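Take a look at the structures listed below.
First chain A sits with chain B, and in the next complex the same chain sits with chain C.
On to the complex of A and B.
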């Protein structure tokens, strides 16, 4: 028997052929192809259509009822879900505020922790590594509980008492896993810079600190930006976790609204409505991240 | 371990004495001794892996040495208390892979070290940088990024960048090895210009014709020792050691 048989040669061995329904078009991976930009927009539209449809369905269902329509109910609760109670910071806007603060704090702390990981001092290096590993591998919700219970709700600075709002603590708690992940991104980006850059900087009498801040880190920014944005998206998606700890974010207020209406038909449209805001907010960031990744990969 | 001593112009500006260096088990330098006078141009040649690059990297303390002594203008390199930054202000280095800073333009690459390391005023630094650009024949490329320049152009920017620190000794580590053949010459011309203006140069090179033309003294290294050395006039014609003869016969 010949070992190298030409393809398409008749054979008496059983061969698994692609499944084709008689008379149908042949499907191949090419038919699905890669998800192009047009398709992404299509997917987005599909989700909105779904949300709209479910609202419509409930609307139609309730038309016969004497109570308020689903659509009107959604409209009624939207300001609260979006902005929180009047005069207070809350709702979906609070999710965004928490994501900003957690990201800013996490980036700042993560940068230093990442630099700590490449420190020449073994104590600094090892402890930075340990902190990074600890917070990178802890469940976010557990960290949230920990910080919420560990941090005082009121502090006295110079004889003046300050209340620490729950969402501050929540933002701090969420910044910890971000810090650990940014630390790894910083460490990885620095490691990816060719050693020649260090050597030429050294040979020009740059100190280690100058080399890091003026030559290495500026080159890392491009490499760090896409993963950094990616973590921002993940963080934003995780902010509804704070609702479990009594912070009046979008999720929490949606639950309140549902409780006030006490009608199970509203569950799906209300949560879809909230979800679509997160989607509208994060989708462009995710898309931009992919574009940047692509561009930087080409120009490297 | 000797320490820094005063230097006078009648002494070698770079004095390498009995230098040993190993990477783990691998002995790379086994007792190298070279003296370089101010204004001298020396070329180190030899087969790959003979320790040439390691040797010149030891001169500006990019690699440390295990034993022996390297003195640059009286400064002992093999000294735990060595002020590496002071040493590197005296010694410029150009690498095989150029190693320009990719996020800075050609002019910024040249200006960076004098501005940040020597804290010289901006106007002065910029004026000097523009003169250097002219000197390496790159007028018009000031605002180009390294990625937009050819290998030869990048290497000339790298030379200008080193010169901006006003070094007293220049080290060239196989600076033409990564270049396209047609751009080798422009880089060699820039180095020749430097050498003719009295810069002390130590080159590791495979360009024998060039070495013959500009070197005052040629050292041939093999397996971590200097096998033979001499002025180019006699070195290339009257090589005595069989290893040198073999190397030269292969390369010439």
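On to the complex of A and C.
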């Protein structure tokens, strides 16, 4: 538990001096702005884009037939790759939606599984451990196949039939490995809290449930946040796997677009275009994660 | 062995559990061939990715800022883009570009070759950071002490830095290599005949999806389990008490 102490109050005890890290900045939108708008990256991207565009236009001019330039093709297909077919959820947006759902489900299940791993009941503890290890060590694609092929596509609840869309099943399948890894993060974070916290809570007559929820877990949040964000990045990088199982995400629509064009010189720009979206989405998160890791680093 | 095969045949006729990979010779051969492909694909990628990781870590110590920037760019690119898209990019885009440049008909490398290249670069990007962190964790005073004892810089690296660094790296490296085994399933997408791909063929031929699905899952758990146990033993046996946890 934190000692309640006003930061500016003078004290005789040097051990209890207010804890201020030298040179630490306060968190603000400005910090986030500096991460997303790293000027060097922007400049590098702009230079690359300009160079490529000029080469591309010249190349298209040199071709005798009135074929489109690669840039025009990219522009033509971007709405489909990004948003999916009109009126449907698909494309890169679906990748992000799947990642959100899988992360929410995985975090929720993982929290309970992680708490199960420190349960006093040996049966609960061992089975939670076994489930965690099972899903942590199985390949994502195999789990995806397993759920997509063996889970029913239609369920009847109370006489009403519900169709389960493929991407819901995919999100559930991807949430399983996330669940197992979050479970390990929760267990590790709880184990890293000094035992003094448990003992002092006990001496203040907190029950075990109260100790976990009111004292231990709030302190764990800081330690769990960076690895949690790291797993979110890994999850987002795994969402294109759903294209293998026929969900029309950004990857499969890109392949459809390439098949429709059927020109090999568009392959590299199209794939790079798709990869750049993932990069732009994931890189700021990765950078923020690194910062938080440094900020929250426990110096013992 | 025949008794075992017959038992599985009995299992099919009596209980309807159709495990053709045990009593049908054709299925058995291709299935174990698939497992073997997974194993050597994993081993080749592991070796190459460690090599890339070491090279990258060495380049990151370079005094030229542009070399460090290029390595950093490589790491960030492979870490922040999906491995599946990387694989497609190499197999379809880079291959056809290389083929048209060099004039080789029908692709430069096979799908297996591109899987090795793509997965090695993917895992290698993580390994660079892991090795760098390991090398940085060796206290400067140790290097200085070795220096003062007249070691050359190469000897310092071989006898002082590396033996300590690799003990620190090992847990993170193991995690990454285990992850690499799991990522080899992605090679399914470009028709590399590894376990998952072969199993897909078998369940399409024999209509035994649930049985094969469980078998595949079990095989991967077993493969990963073997590596995990082996690596943990190794980690324990070389631990230096009081150094890097």
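Note that the second predicted complex is superposed on the first by the 233 of 300 C-alpha atoms of A that agree within 3 Å, B and C clash if a C-alpha of one lies under 4 Å from a C-alpha of the other, contacts with A are read in each partner's own complex, and residues count from 1 in each chain.
Keep this in mind: contacts are C-beta pairs under 8 Å (C-beta built on N, C-alpha and C of every residue); 3 or more make two chains touch, one makes a residue touch a chain.
Just so you know, these numbers come straight off a predicted model, no measurement behind them.
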item: Partners on chain A (chain B, chain C) - clash or fit; value: fit
item: Partner chain in contact with A:197 - chain B first, chain C second, else both or neither; value: first
item: Touched partner set for A:237, first chain B, second chain C, both or neither; value: second
item: Touching partner for A:278 - first (chain B), second (chain C), both, neither; value: second
item: Contacts of A:205 with chain B and chain C, given as first, second, both or neither; value: first
item: Contacts of A:251 with chain B and chain C, given as first, second, both or neither; value: second
item: First (chain B), second (chain C), both or neither touched by A:219; value: first
item: Partner with the higher number of touched chain A residues, chain C or chain B; value: C
item: Distance in angstrom between the closest Cα atoms of chain C and chain B, superposition on A; value: 23
item: Interface residues, chain A side, partner chain B - complex; value: 194, 196-197, 199-207, 210, 214-215, 218-219, 299
item: Contact footprint of chain A on chain B as seen in their complex; value: 60, 62, 84-86, 88-89, 91-93, 95, 97, 99-103, 112-113, 116-117, 147, 158, 161-162, 165
item: Of chain C, residues touching chain A in the complex; value: 76-77, 79-86, 88-89, 92-94, 96-97, 100, 178, 181-186, 188-189, 196, 200, 209-210, 213, 216-217, 220-221, 224-225, 228
item: Residues on chain A engaged by chain C in the complex (per definition of touch); value: 134, 137-143, 145-146, 149-150, 233, 236-241, 243-244, 251, 255, 258, 264, 267-268, 270-272, 274-275, 278-279, 282-283, 286
